[in-house]
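The two complexes that follow have chain A in common; it is paired with chain B in the first and with chain C in the second.
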Partner chain A sequence: MKRLQPYLYYLKISAQKKLTYRFDIWSGLFSAALLLFIEVFLWRSLYSGGGTVSGVNLSEMLTYLIVSLFLRYLFSYSVDENLRHSIIRGDIALDFIKPVSIYGIYLAQDIGTALSGLCIFFLPLFLLASVAIQFPFPAAPVLLIPFFVSAIFGYLILWLLGALVGTLNFWLLKFGNFGMVQQILIMLFSGAYVPIWFFPEWIQRILNCLPFVYTYQLPIGIYIGRYGTGEILWGLGVQLFWVVLLFVLFQIVSRRAQKKVLVQGG
Partner chain B sequence: MNQTVISVSDLVKTYQVTKKRPGLRGSLVGLFRRERETFTAVDHISFQVSRGEIVGYIGPNGAGKSTTIKMMCGILTPTSGSIEVCGHSPQQDRKQVVQHLGVVFGQRSQLQWDLRLGESFELLKRIYCVEDSAFRATLDRMDRILGIRAFIDQPVRQLSLGQRMRGDLAAAMLHSPQLLFLDEPTIGLDVEVKHAVRDFIKEINAEFETTIILTTHDLADISELCSRIIILSEGKIIEDDSLDAIIRKVSPYRRLVLDFASTPPELHLDGVETESREGNRLILRFDRDRVPAAKLISDVTSRGAVRDLRVVEPDIEDIIRGIYRS
Partner chain C sequence: MRLLKQFRSACRLAGSYIKISFAAELEYKASFLVWLIANPLQFFAGFLTLNVLITSFGGLGGWNAGEIAFFYGLGGLSHGLGVILFSHTWSIGYQVTEGKFDTLLLRPHDVFFQFCFSDFNLVGVTDLIPAIPVFCYGCAAVGFRWSPASVAALVFVILCVTLLRGGIFTLIGSIGFFAYRTQLIVLWLIISDKGIHYPLSIYPHAVQFLLTVVLPIGFLSFYPSSLFLGKELPLQLPGGVLLWLAGLALIFALLGYALFRAGLRHYDSAGS
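Here is the complex of A and B:
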């Protein structure tokens, strides 16, 4: 327990930091609400003919959007950006002179930020969405269990991707910001904004071989009841595969990185 | 007690540097083809530091000071050679080494920008597993030396540079490290705070026998604090001795400035040179070992009417600059 203490304190500190700037919170709430309504209007007009598209009806699609919004808060992580800044400014040196795991600190900070983000934004947005759009019921209460499991796996995949990309900055700093590329890939291919089942078949086939759809689309798809039991189990298995693969890759890369650390600036 | 705290032998660090071509055309070519160069930052250096020493680690910009310090902290991996800090290799047992290590980089802060200063201390207390009682005792001591309680409840971003530096020094001492690396701790500070920092260094060294490695460009820091100086240039150690010994070795001269009532007389004394002669003023340079000042003064005053005189010790800054250049 004692060894966990510094990480818990980092978690607490980063949760607290999130609360420091009032303006950030209010503008964040406002922009999240605005984005949600824009998306809802868009999907409502796309569905104005009624019926189902790719096996999903309007009500399910709206639930998808609301859950996706919450996952975006829960899934907020900045390990890649933090690492990049630390490496550019040379502050990574200060992380190395503490008797704790550097990545442990970044993970604790990200979890702290995500939790406080969820606490601040969840209730107001949930109330707003329930009143103004619809109450986002899961397709069946029992689906909440695989949903949460899948969401945790999804977070791990995203975080490991972030840590991997962030660590690559030790080599790739001069080539540009790969974190941006990664964010765009996630935005487009994870189903966070548009589920990929609306994409052409061949694109879907490619995307199913990449980790992105297993971050947002799988948990939300489970939530709205798009998948049967077999598909859910298969999906969770694939998620676990990605978690393990990314973890191994991350271990190899971060070992190498520590060997080649080159601290910038003095 | 003559316990070795740091032992560095035959340490080398080389970097691969990409050559940047000049101009837009160069940048375009650089997109496809890059030339690499090997740059030796630290070139076969060896030294040992015993417990309780205050060592000034100096040299011109780019001499390899920070590189050495970073290797001793385990931040950088040496190309070859070995380092032992507090009995461990910083590269293999990073966590053990840093547990005994306090580091202050004058140009960076390890304090949490958005939070109260006190919260950064709380965080460090947990990182280093410091007991409550020890934590409070250290804070009390740091408050006595550095006066940190006056601003402990302010967010770090609102602190002045001097307050922040005092906060950083206190932060580095919270886990009572045996060894303290101070990398330009007085950079950009006003006279008052500089003094506070120097007092702090003297006091913790006297009280806890903390070994201190100090890199600085402020030679007043060196002459006031350091019992020993290591001078580095282009990655090599060029001097490793006490300040006094270095001065004697490099510049064994003192100056005698004389103001005469009329034109100064011609002098030809053994071990004495005339450095300048301007109006009624004569400046002599003499070897401190061969010519005692008292004898020279009596020789000179017997030959002319001297109105005023003073003996000038060599300027450290000049000496160091001379060493850097050679």
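Here is the complex of A and C:
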């Protein structure tokens, strides 16, 4: 527990930082609520004919939307940006000689930001959505267990992807903020806004081989009861595979990066 | 004669500023390349998503795939031009706290003119590029009739919407002279982005009214596209779409300019 103390301190500071800029909080809440209602109007308009499309009805889709909002706050991470800025400023050399793991600090900071984001932004939005749209009940209470497990795996996949992209800045700094390409791909192919099951069959087959759908779509699909037990277990297995693969890759890349810093330091 | 001379000198100065901006941006070719990938990727991603939804549901707010391509492409064109010409208004608050206006105030030329052209945003071109093929595809899909009159109307619409966007950018950005840090521009970018994604017809009547009269989101692409495609308007606009568009563009441009001038008067540089 004592070894965790510095990381918990960073987590607390990061959570508190989010509370500092009040105007930011209000404008952030306002824009998130606005975006939520725009999406609700979109889906209501699309489902104006009633019925189910790709096996999903309007009520399930609105639940999908609200749960996706929860995940968007839970999945807020900035390890790639933090690494990039640290490399640009040259702080990274000092970070490496601290008696704690810098990646551990970034993870603690990201968890702190996610927790404060959930409290400050998601809770009021959840109350608003529950009253003005609908309460997002899961398809069955027991599904909450695989949902949370899957959400944690999803977070780890995203965080490791972010850390990998951030570490690549050691070599590709001159390419500017190339991390935004990864963010666009995640937003498009993860099902965060539009579920992948609306996409053509051949695109779905390709996407099932990539990690993106296992971040947002799998946990939300579990929540709304789209998957059977076998599919849930398979999905969790694939998530675990991606977590292990990305972790190994990240270890290799980050070790090489550390050597590069030593070379630059002379 | 004197006016013509002044105009020529302003054009020459603007040309030099643009040339310098191009040279500066192209110094960082790799970074520009990433923008050249990221911005079109985002634009096409939005278009792909819309197409996926239209294919699954058979339309969006009464608009088919070709009409949405026309609507989305037209909105993208003015967005790209707006970003190229006016995106530096987004950071007025930062420029105030950094004391950047000192240099502009000391030069013997109109500050707003210098401000508009001294930081020509080449990255904005990467926003404009993907809109061109999508708009051309939309024109082909809806069977848009190319004639001198329709081309003139199209140019007029694009210029007016770009001016409208510029006016709103300047208006919101100039709040930075007084408040220094606001997230209002981010808020506007989010809303205006959705304004060219989904047609106004997906919203309830009260929201449509709000997005026409209070926030002119409908004029960024929905109303002009409806006019070109001969679609029924959800709200009647007395005098017609073009008159409303030109009027709103002028009003917002003047309001933006007035607030910028007021902000400059309020500006007292940074530090001691």
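Keep this in mind: the second predicted complex is superposed on the first by the 261 of 266 C-alpha atoms of A that agree within 3 Å, B and C clash if a C-alpha of one lies under 4 Å from a C-alpha of the other, contacts with A are read in each partner's own complex, and residues count from 1 in each chain.
By definition in this document, a contact is a pair of C-beta atoms (placed from the backbone, for glycine too) under 8 Å apart; a residue touches a chain by one contact, two chains touch by 3 or more.
On a predicted model such as this, the values are computed, not experimentally measured, just so you know.
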Handout entry: Simultaneous placement of chain C and chain B on chain A, clash or fit
Key = fit
Exercise for the section: Could you look at A:Lys259 and tell me whether it touches chain B, chain C, both or neither (first, second, both, neither)? Expected result: first
Exercise for the section: Return first, second, both or neither, reflecting whether A:Ala93 touches chain B, chain C, both chains, or no partner chain. Expected result: first
Exercise for the section: Quick one: classify A:Gln16 as touching chain B (first), chain C (second), both or neither. Expected result: first
Practice task
Kindly classify A:Trp234 by the partners it touches after superposition: chain B alone (first), chain C alone (second), both, or neither?
Solution key: neither
Exercise for the section: State whether A:Pro6 touches chain B only (first), chain C only (second), both chains, or neither. Expected result: first
Exercise for the section: With the two complexes superposed on chain A, say which partner A:Phe199 touches: chain B (first), chain C (second), both, or neither. Expected result: second
Practice task
After superposing the two complexes, find the smallest distance in angstrom between C-alpha atoms of chain B and C-alpha atoms of chain C.
Solution key: 6
Fill in the blank from the handout: Overlap of chain B and chain C contacts on chain A, residues 174
Exercise for the section: Please name which positions on chain A make contact with chain C in the complex. Expected result: 23-24, 27-28, 30-31, 34-35, 38, 41-42, 44-47, 49, 53-54, 174-178, 180-181, 184-185, 187-188, 193-194, 198-200
Practice task
Mind listing the chain B positions that touch chain A in their complex?
Solution key: 15, 18, 66, 70, 73-77, 94-96, 98-99, 101, 103, 105, 107-108, 110, 112, 114-115, 119, 122-123, 126-129, 183
Handout entry: Touching residues (chain side chain A, partner chain B) in the complex
Key = 2, 5-6, 8-10, 13, 16-17, 20, 89-94, 96-100, 174, 258-263, 265-266
Exercise for the section: Enumerate the contact residues on chain C facing chain A in the complex. Expected result: 28, 30-31, 33-35, 37-38, 41-42, 45, 48-49, 52-53, 55-57, 60-61, 181-184, 186-187, 190-191, 194, 198, 201-204, 207
